[in-house]
Amino acid sequence: MRFLHGAVRPLLVYLFLAWCLAPILWLVSTSLKSDVQAFSPTPVWVFTPQWGNYLNAWQEGGMSQAMLISTTVATASSVAGVICGVPLAYLVTQVWPTESKASGRVTLLILLLTTLPPILGLTPMFRTLYAAQLSQTIAGITLIHAFYAVLLAFLIFRSFLVGFPREIREAGLVDGIGEWRILGRCVIPNLVGPMFATLVLALIQSWNEFLYALILTNGATQTVPVRVSGFLSFVGTNWSNLTAAGVIGTLPIVVFALLTRKYMARGLTFGGVK
Amino acid sequence: MGTRRVGRRDVLAAVAGVAVLAAAGCSGGTGASGADGGGKQVRVLMEDISYTDNIKSMLPEFEKESGIKVTIETVPYSDMSAKILQNFTQRSPYYDAVFTDNVFGSGYFASGYVVDLKPLAAKDTQYGSFDGFYQPYIKPMTTSEGAVFGLPVYGESTFLMYRKDLFQKYGITQVPQTTDQLEAAAKKISEATSGQVAGITMRGAPGIQSVYPWAGLLRSFGGNFFDGSGKIAINSPEAIKATQYWADLLRNYGPKGAANFDWEQNRIAFTQGKAAMTIDATANGPFNEDPKSSTVAGKVGYAPVPYAAGTTPSPADNTDNSLNVHALYLSKFSKNPDATYKFLSWATGEAVQSNAVKTVESVGVTLDKVLKGQAYAARYGKFQKAVLDQVSTGNVNYLPSGKDSNKIIVETGQALSSVLSGQSDAKAALDAAAKNLDGVEAG
Amino acid sequence: MLVRRLQRLSLAVPAALLLLPFVLIVTLGGLWIALHGENLLEPGSSQLFVGLENFKHAISDATLRASIKVTVIYVVAAVACETILGVGVALLMWRHFWGKGIVRSLVLIPMVLTPVVAGLTWRLLMDPTAGTANYLLGLLGLGSDHAFLADPSTALAAVILVDVWQNTPYVVIIVLAGLESLPAEPFEAAQLDGATGWKLLRNVTLPLLGPVLSIVVLLRTIDAVKTFALTQTMTKGGPGTSTLAISNYVYRVGFETFDIGYSSALGLVTSIALVVLIFPFARRLMTGGRPGPARGGRR
């Protein structure tokens, strides 16, 4: 690997970075062009930024509303996911030893549940929510996203708890404190960062979910991906507004992802790496 | 002791948290399932298209005039049906009306999801009656029993668009009337420009995109979706011949990428001068003639869809072009049918359509008076006659209607895509589609 | 003692309250629909019991076989490329270089991009007339009118390329973190034995990375099998069946031809197949207390 020393190594890395970012930059530049420029066979390099595209997407395109809804849905569902997932993760790592059969079974079950394809749940969920008068509401889509958030929150938070010293809980028990209080007072305060990372990853998952959101929301409750795809019409897609909407819709999650970068790897592998 | 109490309380708090979230979501929602109650509220799911934009822009007038509050929702066209049917099958009163094309509409009516508008029209003539529509547009909405299940918002037919300048340049004097002439013209231009300009472009994307223009050729070759006894016949010798012809035409003389072309990409290929001919919707006219985005404005001629020699007695009887009408349908489960009908008749009424001609892309307006009016002629004069001619001879059965129409379109579209992309030959692909459609009968 | 036990189990209650109803609704509801011949366009058909008819139909369904093939190629090719490329880049980024922190943050962006937006972006980039990809290839003299998404010989590869673009950063981030948590001793020992370069990589680094890699491959596989938004926005499964992944086919059957009974049967079969396939790997990775590479350490 001698040839990889010196300047070549960072050069290759930057090449990879360019490959990752070029389409993103292209997306941003298209969002600032007019439709004619966007479809020009030879790329237009110099152009006057059409900030109006953003204004259009934001106001007439309904992105302002979609952002508000996605924020509500993503926040509520990921908070619910954490509230439900964290105690379970605590149960299978601190109360039950991770090596125990019960702990392994619960973990495996949750992992297998993540394979459930949304396409299967769509119709039964629509009907159930409809019967409960929750279809097309923010509450309905939040509940669905909360389900997937619980799975994710459990798997991620478990990964951070696996290495957490069980002695702390034992000491708490000796002092006569209950499980919930140990979790709330002794464990969570030590894991604020991971908790935040868990929350953010659940948030991103909900923010990007498309299929359920498509069928289970309506004009007043559309989330960001559904709204963005709404710019694709049968007759005449407005590409500049569509790309502007795409950029707007992506910005918050990029910011969030960057904020929690530190915990990303561990969270994303459910503890496979630290 | 104390710890246990705390434990329980925490559980309760956690559970309550979720409940509160759900409740908060609830109040943030729009109160689905007709929770709005008594007020005159009408909710309509519409295509995201210029006609809808126009209706939206005029909505405040209507709301003031009638006291009816109208909510318009839009979703991507390709996902519309999934959404509509999820609601209809639950007998949901959520959407009072939906706006989609007659292929779907006729299926909804056959399934009993949308109602006959006749009784409502008899009561409410404030914004006009069925007689005001250009007859070819209202006919597809009328069943043989006389029920009228939709109010047309816009319509279109297919026609042949060709580059007059290129025809002249390469010495093609006769506008193709037969499929042989069409192929010869495509070949000539494609070869003369060494492929720089494709002879012809058509939509090739799977599904309705390709079936729509292809269906014209199917009939040109004397084929049909069903045989005389109402059985599926998309693998008939005529259909195989038509498909082979269509695929060869596009493969040999079509632009690169036609296999993935939807309406927009096909239009762009033609208006950017990449192809000498295209068979597509009359709605393309204005895009061809718009000098801002089209490089071929003023150079395009319009003609009927060619027929296969020997199958049609004369060009005058040529009815191989498709007719497609997009209309508003009133849900059977609507709690406010009267108010909804008022909105539908207003939205397809003269004031709205005249404004559409003035302000948005609107070549497909459906009222006789507006279509033949001054404003329309001033704007669309170049192809007004071609549009009216094509629409009046248009064949609304270009696609099968009724409940199974979508299944047929999807299966046929799949077969076309396989043939065009060279994955399988015409006979094998259509045989496979026919097999999957076994048991489907004319609706 | 009982109270204690109940208190412990109460930790599982919030999760169970959310998960159980959902799982029951989806699996039982899905099964019920799969056993009925429901078509959304035929009122009353939801009550039409057809037994295993839908499952039988699946056996002779040629389109299903084609979509299984597409999905298998998609999963194998995408996951393999992502893993190889991702490990390569992670190795390059392992030791310090100028700007490492920033690079590490920025490569995350494709990964968190909404798949719908990613698909649309690439569809435009690969457009045969206006796409920048063709323009660039033209500059290199490689022809400028490739219709990548319309040609059955390239369409699947093009979609896989986008999956690779979007998900390689995931592998990079994870493998890089894995590399950085590796203990130093094995390397020192191997170097004392004179191992360098490729040898060191093959005999020491990669084996140590084994557990991390298996988890990456497992999770990427689960995700890739479920692929939907990318193919749906880029090609809708076409041309022909060349990019029709399972989810696209299930969606088409259920929501374009409205044969919801058959669609549910296909969805169930797919889930079961996936579970059976990954079960052994998942069990090894997630249970039995076998520690991950760095789990011994505590923060």
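Should a chain be cited, it is by its letter among A, B and C, assigned in written order, with residues numbered from 1 in that chain.
Criterion: a residue touches a chain if its C-beta (ideal position, glycine included) is under 8 Å from a C-beta of that chain, and two chains touch if they have at least 3 such contacts.
Listed by chain with UniProt protein names: A = Carbohydrate ABC transporter permease; B = Sugar ABC transporter substrate-binding protein; C = Sugar ABC transporter permease.
These figures come from a predicted structure and were not determined experimentally.
Asks: Using the touch rule from the top, work out which pair, A-B or A-C, shares more C-beta pairs.
Replies: Counting C-beta pairs in contact for A-B and A-C gives the edge to A-C.
Asks: As a test of understanding: of all chains, whose mean C-alpha position lies farthest from that of subunit C?
Replies: B
Asks: From the C-alpha centre of subunit A to that of subunit B, how far is it in Å?
Replies: 36
Asks: Using mean C-alpha positions as chain centres, tell me how far subunit A is from subunit C in Å, no decimals.
Replies: 15
Asks: Out of subunit B, which residues touch more than one other chain, so two or more?
Replies: Expected reply: 4, 7, 11, 14, 18, 78-79, 82, 86, 268, 272.
Asks: Can you list the residues of subunit C that touch 2 or more other chains?
Replies: 7, 10, 14, 17-18, 129-130, 254
Asks: When you check subunit A against every other chain, which residues touch at least two of them?
Replies: 39, 41, 80, 83-84, 87, 123, 127, 143, 146, 178-180, 229, 232
Asks: Over in the complex, which subunit C residues touch subunit B? Could you list them?
Replies: 3, 7, 10, 13-14, 17-18, 39-43, 46, 62-63, 127-130, 145-147, 149-152, 155, 235-242, 252, 254-259
Asks: For subunit C, which residues are in contact with subunit A within the complex?
Replies: The contact residues of subunit C facing subunit A are 7-12, 14-15, 17-19, 22-23, 25-26, 28-30, 32-33, 89, 92-93, 95, 97-99, 103-118, 120-122, 124-125, 129-130, 132, 135, 165, 168-170, 172-174, 176-178, 181, 196-198, 201, 211-212, 215-216, 219, 222, 225-226, 228-229, 233, 247, 250-251, 254, 260, 263-264, 267-268, 270-271, 274-275, 278-279, 282-283, 285-289, 292-295, 297-299.
Asks: Quick check on the complex: what are the subunit A residues that touch subunit B?
Replies: Residues 35-36, 39, 41, 72-73, 76, 79-80, 83-84, 87, 123, 126-127, 130, 133-140, 142-143, 146, 176-181, 184, 214-215, 218-221, 226, 229-230, 232-237 of subunit A touch subunit B in their complex.
Asks: Under the touch definition given earlier, write down the residues of subunit A that touch subunit C in their complex.
Replies: Residue positions touching the partner: 1-2, 4, 9-10, 12-14, 16-17, 19-21, 23-24, 26-27, 30, 38-43, 80, 83-85, 87-88, 90-91, 95, 97-100, 103-108, 111-125, 127-128, 143-144, 146-147, 150-151, 154, 162-165, 178-180, 183, 204, 207-208, 210-211, 224-225, 228-229, 232, 239, 242-243, 246, 249-250, 253-254, 257-258, 261, 264-266, 268-274.
Asks: For the complex, which residues does subunit B have touching subunit A?
Replies: On the subunit B side, the touching residues are 2-4, 6-7, 10-11, 14, 17-18, 21-26, 28-33, 35, 47-50, 71-79, 82-83, 86, 90, 92, 94, 263-264, 268, 272, 283, 292-293, 361.
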